[in-house]
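Shared between the two complexes below is subunit A, which has subunit B as its partner in the first and subunit C in the second.
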Partner chain A sequence: MNSFWDLFSSVNFYVTIISLATPLIFASMAALISNKAGVVNISIEGTMLVSALVGAIFSTLFNSAIMGILIACVAGILMGYIFAFSTIKLRTNEILVGIALNILAAGLVIFIVYALTGNKSDYSSVPLKTISIPLLRDIPIIGEIFFNSLNLLVYLAIVIVIAMSFFLKKTVLGIRIRSVGMNAKAVDSIGVDSEKVKIIALLIAGGLAGLGGAYMSIGFMSSFNTGMIAGRGFIGLAAEAIGAGIPYVTALFAVVFGLVNAFSLTAQTITGINIPYELLNTLPYMVTIIGLVVFAVIKKRRNKNNIKG
Partner chain B sequence: MKIRERLMSYFKNRSFSFQRFFFESLKTLMAVLIAYLIAIIIIVFVSDNPSESIYWFIVGPFSNLMEFGELIKKAVPLMFAGIAACVIVKANQFNLFTEGAFYVGGLVAALIAIYIKLPAFLAVIAALVGGGLVATIFGYIPAKLKSSLNVNEFVSSIMLNFVALWIGVFLISNVVIDDASGDTATGIIPEISKLKVFITGTNITYGLLIVIGIIILVKIFFSKTLPGYEIKMTGDNQHFAKFSGINVERRVVMAQVLGIFIAGVGGAAEILSNYHRFNWKTLPGFGFDGFMVTIIAKNKPLFVPLAALFIGYLRAGADLMAFNSDVAQEVVAIIQGVIILLIASERFFSSSFFKRLLDNYKERRNHKRMDVMKNE
Partner chain C sequence: MAEALIMMKDIRKVYYPDIVAINSATFSLFEGEIHAIAGENGAGKTTLMKILFGLEKADKGEVLFRGEKVFFHSPSDAMRKGIGMVHQHFMLLENMTVADNVVLGMEPKRKGLYDYKRACEITKDLGERFDMAIDPEIKISQLAVGLKQKVEIIKVLAREARIIILDEPTAVLTPQETKELFHQLKLLKKDNFTIIIITHKLREIKEICDRVTIMKSGNIEGTYDVDKISVEEISKKMVGYDFVVTEDKETLKPGEVILEVKNLSYERDGKKRLDDISFKIREKQILGVVGVEGNGQLELSGVLNGVIRNYEGDISLDGLSLKNKSILEIRDRGISYIPEDRMVDGANLIGNIYESAIVLKSRDKDYRKGKFLKKKKLSEFTDVLIDSYGVKCNNKYDQVKSLSGGNIQKIVSAREIVEARRILIANQPTRGIDIGAVMTLHEKLKELQSNNLGILLISSDLKEIYDLTESVIVLYEGKIVARIKNIKDVSEEQLGRYMLGIEVQEDMEASL
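Coming up: the complex of A and B.
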């Protein structure tokens, strides 16, 4: 590749963006629904890691990517339940539970991979096939990007964003989740069990994080690697913080982070400039911090104006 | 002085209760036992020779002086990380840049040791303090963002960890790389800057003394000085602290900066004690461990060494087990996770639970006595 123009005009670049944004969308949706229920859920990172491994293991066991994804989702829900049980039933500090689960997950996956294969990092999976939709794929550019080389989970991520918006606004459970996040005591006072609502929200979050993990090992790559999540769960949290709790905006920022990530991966192939890949690797994280700061400044300004008005 | 008196009275009200201390210890013991039970069950499942694995895991670290020294060596960075996290958590902050601080501190200490020639004693001090200071510059970013813009320090510090890591990897693989090493690593750290072994026959270095000194200083800081009180109070109840006239923003930043500095010194001490070259290409993981240590220590500075020794014992045992049998040492992660979950939970064997148990018992005893008296 010769220039930035080549990079930005290649279809592959956009496909990479979408592929890299998908796990962030899952993670940010998990963060969103936890946050709506008033819980800061930092165990998403660990949940994604565990379910990435579970997905890889069961996809090879049943020789089917779909089974792997389903069981990874169940594993995510299970992790969500551990988180919910500890925070709500045992009254443990959310952040401490999150740290505990992340430590647990990081060790557990290495332990399991070693017990199964004898090496400490990789476990191959049965990858998900890409979907090529006839007719639609013939649309120039858009068809090539959206309907030719993506897999089922990418479309599922898009559906989940839309469904999440609908779920939180229009369904009884969604509205209950939001009100628990605002004032749990008020919800209890009208006879709804706020703890139960919180647990349901955290289970959904676990399932979403599980799908994100499964996407990493089954959809994006064809193997599990112990370092493959690399802070994506935390970037999901950041996207949620910047998205101010609105599903579409959150997803948009997940895509922005996906773009930066894709750029940092592919910019190495441009011959004209010579940025070492180590420094390009810092980009997604730097942009996340900058995004958080910009969002905080805007929020502060708005608050000031509100007080004045 | 008014504020000082007010603070003193505030903390005197929460004086030491032996009963509570006893219950807390009992709870910790229960958590450890349950975690060990789970680990042993797992080992029995995966190991071909479980009795030998379990033997190495539990008794191994005490089998000879060398192995015991290994335990202490593993505990020293955990003490650094634990006391760093303790200072940060006292202000109820979760700045996880302690992780990156270990990396930055280690790298900067190695560079200072290699490129700046100083006489013996100064060389060590310069490397340690330099490592700590550069780490602090990084760690100040999430702290300041939290206090002035209310940016979640947790997320921003984790992102900063990765930034620091990749900058470090860039430096050691392009700028300060020593081709003679056959690896992406810095040059050899001169002997003069290293922390020497101070108990012969083991690998225990002066790093242990440094961290014990720091822990004592932190203890004095929190129990005898005004800023220490103010940080504690800010952590306990930020609104109350604010209305008492404490500059909450400044104390929040101060706690994080202090913690990060200690973690940076810890990284420097780790590199100067146990490495010939700086060659870390991933984050060392001590930052998260530190938070774990301080949870187990119930956030009390003087218990941090005990908690660190315990985790060091777990890891030394696990290493021996992995070396001598077929179980991976990562089984420790399961134990650690379970212990933290149980210790941090309010409702698992809480002191009120024990109190209820005690009251029940007394009540039943009284009933029995009454019955006996009635029958008489």
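Coming up: the complex of A and C.
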């Protein structure tokens, strides 16, 4: 590639954006539903990592990508349950439990990969096939980007964003989850068990993070690597924070972060540009911090105008 | 009368480790009555009702419902028997609509989904049936306190409660809202609802209740027919000593002007919150500020203590301007401030009493050695405060949160009163606290007054205004609509007309 123009005009670049935004969408939706229930759930990162490995192992075991994804999702729900049980039933601090689970996950996956293969970082999986949709794929540009080279999980991520918005607004459970997040005492006072509602929300979050993890090892790559989540769970949390808890806006920011990620990966291939590779790799995280700061400033300004004298 | 609807027998409740909330209480409730539970803060009223509602478990005793023994393990058990409770601190979801709140936990469904339309209908129907019309689609955060309370009552009615417990329902209401509430309670009584009101306002007991059960330090002092007991007798049984309802205040001659407010205006969000306000406070003077809540009281106290600085006009203390001075500078000049909301601005709820008590004193050079605090001296100081104000606690290291509202208020007030040298601004100093605590505070305010200080008393309790003040200004929409030299010359009704903006005083005396 010779210039930025080449980069921005290539179909591949846009496919990469979508591919890299997908795990962030899963993570941000997990963060969103946790937050709606009033829980700051940083265990999403570790959950994604464990699920990525579980997905890879079971996809090879059953020789089926779909089985791998399903079992990864179950593993995510289990992780969600551990988090929920410790924070809600045992009343431990949710940040500390989150940190503990993330550290546990990081160590656990190395241990398991080593025990199974003898190497300490990789485990190959049965990858998900890309879907090519007849007719739609023939639409110029759009068809090539959206209907020719993506896989099932990408489409599922989009469906989940729409479903999440609907679920929170229109279903009784969704409304109760939001209610618990606003004022758990008020919910308890009318005889609804707020802890149960919270646990359900965290199980859903675990399942979503599990799908995000599975996507990384089965959908995006064809193997598991111990460093492959690389903070995507945390970036999902950031996208949720900037998206102010609105599913569509949150997903939009997940895509923005996906774009930055795609840029940092592909910009290295442009000839004649001398940005060090290490610096480019930090770009997604830098943009996350900048995004959060900008968001905080805007929020502060808005509050200043609303708050009483 | 017939068999009791509810009978609570020999109830005992001890909070961990050894705080006896209820020593032994037996309480009966008849169908269709309005029953007051009266008592000071910390007497055990709310705890007793929480046990009835399944929010707390009794350590001893039993509850009979229509003669049948029942166990309420949670509020849902109580609700199933038709008992509902309106809590003192509302249990509402601020960012949701009225309808959402009303149907929470019993959401109507259509095709498996939440049927918001139906929720609105349910809310509207109930509102109309009980004369509490309220827009179901409005967000709770946009409602005034009185309306929020209505939502709570509709919530209880939607759950088909026949017995409604109201915890201090009028503590946050204006006189007009209280009137409305009583009207609705009477309507409910007509429909054979049974109502329990937890209160310590004697006038309200007299006005609306059929029977009253009086509690004192965890015991029941007795249950009486309201028309057979006088206000004096009730207060005597509540407090244990005679509470004189009307007391002659001694007139002190005001001295030099201490604080002068000149043409004070303050604008926020394009609305004038304070509009050309001028007044003076002299030595030995308690100046009353009355008005329906939200007519500038909060802003006025904010300006005077330095929280709000971008105002127009000038304020001077002993002839020196306070313009652009920080909160600390203003305090150092001798102005103390009892904030309106003790739970938010007054005390650190999760800290202990000692910490909240010394927060001002610890700046004093006599109480510190360089950067370090003289712990022993400050401890003694705290003990003296607790003692002289009669704060009920185990010791000074109790968490503030564990105290009753009246006792928290005593700590906040004590701390401020001790530091006051020229002016004390007291914003709703006795709201929601019991007679005993009110009397203590009133005594202390009078003491300050006779010590040559000036006091600005912002209060929505007119009785307090009549008891303590002589001169009063009335605020309406940020303007002074009446200046009253001697409150005794003005009837409560007339004051009400000023407060509601129905009338503006003719040729206001500018001298005030």
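Some observations on this one:
Please note the rule applied: the second predicted complex is superposed on the first by the 307 of 309 C-alpha atoms of A that agree within 3 Å, B and C clash if a C-alpha of one lies under 4 Å from a C-alpha of the other, contacts with A are read in each partner's own complex, and residues count from 1 in each chain.
Heads up, the rule we're going with is that a residue touches a chain if its C-beta (ideal position, glycine included) is under 8 Å from a C-beta of that chain, and two chains touch if they have at least 3 such contacts.
Computed from a predicted structure; not experimentally measured.
By the touch criterion defined above, A:S189 lies against subunit C but remains apart from subunit B after alignment on the C-alpha atoms of chain A.
In the superposition on chain A, A:G245 makes contact with neither subunit B nor subunit C. In the superposed model, B is the one of subunit B and subunit C that contacts more residues of subunit A.
When both complexes are overlaid on chain A, the residue A:V172 reaches subunit C alone and has no touch with subunit B. For subunit C in complex with subunit A, the touching residues are 55, 74-76, 79, 85, 87, 91-96, 100, 104-105, 107, 109, 112-114, 155, 159, 266, 268-269, 273, 298-299, 302, 307-308. Partner subunit A is touched in their complex by these residues of subunit B: 46, 94, 141, 145, 149-152, 154-156, 158-160, 162-163, 166-167, 169-170, 173-174, 282, 288-289, 291-292, 295, 327-328, 330-334, 336-338, 340-341, 344-348.
Looking at the complex, you find that subunit A touches subunit B at residues 40, 42, 82, 86, 89-93, 95-97, 99-104, 106-108, 110-111, 114-115, 120, 227, 230-231, 234-235, 237-238, 241, 276, 278-279, 281-282, 285-286, 288-289, 292-293, 296-297, 299-300.
The touching residues of subunit A, when paired with subunit C in their complex, are 170-172, 174-176, 178-179, 182-183, 185-192, 305, 308-309.
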